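Would you mind keeping the following structure in view while I ask a few things?
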Amino acid sequence: AEGPRHQGMAKNTNMRWRLPLVCLLWEAAMIVLFGVFVRFGAEADAHWEEEKREMNLTSDIENDFYFRYPSFQDVHVMIFVGFGFLMTFLKRYGFGAVGFNFLLAAFGIQWALLMQGWFHSFKDGKIFIGVENLINADFCVGSVCIAFGAILGKTSPIQLLVMTLFQVTLFSVNEYILLNLLHVKDAGGSMTIHTFGAYFGLTVTRVLYRPNLEQSKDKQGSVYHSDLFAMIGTLYLWMYWPSFNSAISDHGDAQHRSAINTYCSLAACVLTTMAFSSMLQKKGKLDMVHIQNATLAGGVAVGTSAEMMLPPYGSLIVGSISGIVSTVGYVYFTPFLESRLHIQDTCGIHNLHAMPGLIGGIVGAITAAAATEDVYGKEGFIKAFDFTGEYKMRTPSIQGGFQAAGIVVSLLMALVGGAIVGGILKLPIWGDAAAENCFEDDVYWEVPEDEESDVYHMHNPDKPASP
Amino acid sequence: AEGPRHQGMAKNTNMRWRLPLVCLLWEAAMIVLFGVFVRFGAEADAHWEEEKREMNLTSDIENDFYFRYPSFQDVHVMIFVGFGFLMTFLKRYGFGAVGFNFLLAAFGIQWALLMQGWFHSFKDGKIFIGVENLINADFCVGSVCIAFGAILGKTSPIQLLVMTLFQVTLFSVNEYILLNLLHVKDAGGSMTIHTFGAYFGLTVTRVLYRPNLEQSKDKQGSVYHSDLFAMIGTLYLWMYWPSFNSAISDHGDAQHRSAINTYCSLAACVLTTMAFSSMLQKKGKLDMVHIQNATLAGGVAVGTSAEMMLPPYGSLIVGSISGIVSTVGYVYFTPFLESRLHIQDTCGIHNLHAMPGLIGGIVGAITAAAATEDVYGKEGFIKAFDFTGEYKMRTPSIQGGFQAAGIVVSLLMALVGGAIVGGILKLPIWGDAAAENCFEDDVYWEVPEDEESDVYHMHNPDKPASP
Amino acid sequence: AEGPRHQGMAKNTNMRWRLPLVCLLWEAAMIVLFGVFVRFGAEADAHWEEEKREMNLTSDIENDFYFRYPSFQDVHVMIFVGFGFLMTFLKRYGFGAVGFNFLLAAFGIQWALLMQGWFHSFKDGKIFIGVENLINADFCVGSVCIAFGAILGKTSPIQLLVMTLFQVTLFSVNEYILLNLLHVKDAGGSMTIHTFGAYFGLTVTRVLYRPNLEQSKDKQGSVYHSDLFAMIGTLYLWMYWPSFNSAISDHGDAQHRSAINTYCSLAACVLTTMAFSSMLQKKGKLDMVHIQNATLAGGVAVGTSAEMMLPPYGSLIVGSISGIVSTVGYVYFTPFLESRLHIQDTCGIHNLHAMPGLIGGIVGAITAAAATEDVYGKEGFIKAFDFTGEYKMRTPSIQGGFQAAGIVVSLLMALVGGAIVGGILKLPIWGDAAAENCFEDDVYWEVPEDEESDVYHMHNPDKPASP
């Protein structure tokens, strides 16, 4: 059982000094930057007792912690277990899927706290953080996890860390442009997280195109148990998506509504995914790849509009359509992208995040443009779109236009940013593996020598030791 | 490795047109019905600002979302990961267990929102929904997941969808009779969910009796890893059951008390299950089937009474007894039911849901009958049993009688409904598999060609390709 | 495949009467003690309506349930899925890892409700419980799960129950000394849970030293899928640790701050763990053992200080250091402890809990000693350290001294208690397995006869039936 373990020698994939150096230096940088900039926000600071009095709050329950912490934990599970396990479907890349996702997300949330902090929570030279910052950091990292899906199995952990550094930076700039300059609503991140993350990742994987990848074709599939592990990821993403889309919505009705719409959209999405998965296969059998991924498209596609007064039947329509688009994408677009456009998209993020993200942006623009004071109520209308201060005079149709502009900006940022970052990752210094060693944990991980086969033979000492 | 894949040809199990047709038509129906009927409830509507003022609420935290959303998410996990993974114990039916559970639950919650909405949230021709409706829809679907346990591995996905359609309908009628006509308390659903769901499923599997099922006997067992996957389901059901039983209880003490009682009951149940699992086996070894299932009986059995003033030691007693009954059921009743009554109960729902559900109904009736103003306090007494309006004159003993009547009604609805629905499912048009292909994912799923064995051999190219 | 199943005959490991006897008698004792002592606290009692009026609470949301229940559920998941699955890394001890953890924790939480209740919630001869008691019971059991990690695979279920009985008792005494007599702060349990639990477990495993354990060396490793199961445990512990450390902190800012600090510490810990895991291996490959365990050290190490005004960069430093210490421990200390000190530490709890626990105690003492009214605010200062009543005159530096004393007391209690309990567990009546049968589920569990191998052969009917 030594074969592939030595074939990687053609390229130097030894991480011994490079990975520790990057991890330790960057963590040291985080410590310094946190030391200079990061402080507790008013609701997490021991001065909260005085704050409460000043703000006339009569109870600790008014602390934002109680409005958002349960949703935060759900989002946290989506990032680490959801994305991590969703990518374990490959037969021999489970360690890399869960482990590298863990690594990049753990670094990314620290850097995101800083980047997003400078843009959104900066006052008197300090960044003041609270539970909403934690959620936003997780969201930002979510876009990196999405991009990771496209290059899964083909990059070294250092490349992933470098990509995370740049992508978090660009994400924060893009998010600032959308939310602050364009005054766009995007609580569930159809544009900022999914569209941006997916097109960024697709561009990166295009730049990193590997012409000989069929050399590791035998490892690009799943095995029975790896498909079940992946379903853990799928279900946690699916179940907690209502928390994802509502986590940073306004307190009260907006969080409530957002959760309901996401619940509805995802339920509908499962049915159309199953329908098309069966329909597009000659024998009518369901394909685990579709069930694992396309069932989630409904959550992506209501990301922008879920907190708006999109009625529940609207969510069902959006979810239904996105399930169809996503499943069709897996069957027809992914092979096309690979063969014609040289976009090797390991997890099919084009189907799960890119197209549904665009749908989400468009649905958000339409829903915003269609808003009326009648439907929202006078106060609700102003609150929902934050039409106050300098945006006091915005009308729904103008808002719709800005929402649409947000899609275009996100796309452009992703394509340009992805091209640049892809170029950086192409440098021959990051220790990526040769084509024949892609999708193989053995390159970067100590893999247990003995497979289950060993266990069977243990019981049979008179049999030879290897199958 | 082609054998069983072709044996299914005797029966036409090709889903290619049937499954998509059902999924798409039904989803279209959902969209139309949601469009006509479903609107946001006051707490999820953008008019909430005005609502707050009218109701003199000073804070957004008073929105029901914050009282119930964390419990909702726990219940959601129980339905999709809990039930889904609990059923992955079969060695070759993991895709079907998780995937079909996903499918039926995703359809079921939509239909349940409508059915329960018509009965409970209907006003001026519209159904107004909020987080409590989502929880109730999940609850309703829980009863279908239970019934699915009895027929696991023996039905086509279309049969499951048809069963879901009817069972959700009957569930809602039964629930309406119990909660509204009999004015019964059943927050954790011992009667409405477990007794009804289990006897419904047992009746269906009786009608669908397969005399030649021993032909797939080799696939009715577990393998080492499938038992671990199943434990994921078990533990999530076990851990979140306090949320299940408290999710729709009254705000405040009732939710609090319900969680405590369920926690206690489940803890006790684990000990008696382990005791009897060891005691009933000659070598004293523990059986994973019992640990996976009977440990949960304690949650079922306090479903009705957990929110009442059942004292914690009462919960321990109920949990202890139900663990014993359930384990004994697996050892003695299940084989009896199969051989004598021709009830083939794949997951043993008779032991996990039917008997404990009955216990739960009875314990609830007794606890209600034993209620006194002294124990509950004057206000607490009225609030706990909702003895207001036309029920102002009800006494605890009368309430106990109605609770008992609720058990009988649930049983009857389950038996009659199950017989009818079983008859419908027996029609030879739904594409179920032949007996020798039961418990085999290969019939309805694209199963990865190569097992782990392949991976070992990959490393050993000079060895023959099969073990 | 009969080999090892009969080798255990040398020792009598048959649990048939012993395990049921212990389980049933102890559960009966729990019922009696709960009947005599345990009642609902004011917030879980039906008199809550009157209580609310007396306490001038205007809303049910003020019930402690809504402040703590989401955190409770997260802690609950950590105990049962987190610890349970973390220990499934062994190739043939998955049932024992998850199942025995389930058993001991289910018993432990009942006994802990009583023990901690007598110390902390006792009034007029009764123990009044609420959600905070459930959390504390889970915490207490957490220390037993930690100790279980040291002796994993080498003890019978009865030994585990006996250990649980004594350890919960000693934990409660130690906790009482620290929290009530020394007036120490330790919300996340660096001292009470981790230091105590780990040194207790290490002492027990030292007393139970097995000189011939290399006879089961082949079963002490992992296989590919068991490492992925273990990652489920790791990630749930990692993700929910912010809830663990904040679950019983004061309402408001303290809970909020504690979650943020833990989030930061854990993120940093992942990077330094990955760095040292790669650095300490010749080929620079990452080791799953480190990723599964050392990444969690950051949560342990801020357990005491997270709720204090430890600034976020302080958390990053603590997390970074503990990741390094823990990883180095796995590489150098664990082998040393086994060969020189005869401490056989199956899961390496010395690295994950003992050393980080000590770090946590020390960091807590320093953070307390460094507290100033300026940083906390006048009211915040008093509230954070509860400097009221008889502790009104305590200064931060004195508090720091008492914190340090808490570490010493916990250590002493663990060493003395562990030695005594270890001695009890050494009695030859508990049915532990012979050295060659350690780390093997087959001793205490019905293990499915056929491995996955069987499935392959099913497809190959012309091949012989066993591998």
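To keep things simple, chains are lettered A, B and C as they appear, and every chain counts its residues starting from 1.
Going forward, a contact is a pair of C-beta atoms (placed from the backbone, for glycine too) under 8 Å apart; a residue touches a chain by one contact, two chains touch by 3 or more.
By chain, with names taken from UniProt: A, B, C = RHCG protein.
In this text the structure is predicted, and so the values were computed from the model without any measurement.
A.B. asks: Find out how few touching-chain steps suffice to connect chain A (RHCG protein) with chain C (RHCG protein).
C.D. replies: Minimum step count, chain A (RHCG protein) to chain C (RHCG protein): 1.
A.B. asks: In terms of residue numbering, is the interface formed by chain A (RHCG protein) and chain B (RHCG protein) classified as same (over half shared) or different (under half shared)?
C.D. replies: On the two sides of the chain B (RHCG protein) and chain A (RHCG protein) interface, the residue numbers are mostly different, under half being shared.
A.B. asks: Please compute the C-alpha centroid of chain A (RHCG protein), do the same for chain B (RHCG protein), then give the distance between them in whole Å.
C.D. replies: Here the centre of chain B (RHCG protein) sits 31 Å away from the centre of chain A (RHCG protein).
A.B. asks: When you check chain A (RHCG protein) against every other chain, which residues touch at least two of them?
C.D. replies: 61, 66, 70, 92, 225, 232, 451-453, 467
A.B. asks: Can you tell me which positions in chain C (RHCG protein) touch chain A (RHCG protein) when the two form their complex?
C.D. replies: 1-4, 61-62, 66-67, 70-71, 74, 91-92, 218-219, 221-225, 227-228, 231-232, 235-236, 238-240, 242-243, 251-257, 259-260, 263-264, 266-272, 274-276, 278-279, 281-288, 291, 295, 309, 311-313, 316-317, 320, 375-377, 379-381, 383-384, 451-453, 466-467
A.B. asks: Flag every residue of chain B (RHCG protein) that touches chain A (RHCG protein) in the complex, lowest number first.
C.D. replies: 14-21, 23-24, 26-27, 30-32, 34-35, 38-40, 43-50, 52, 59-61, 63-66, 69-70, 73, 76-77, 80-81, 84-85, 88, 92, 94-95, 98-99, 102-103, 106-107, 109-110, 129-131, 134, 157, 225, 229, 232, 444-461, 463, 467
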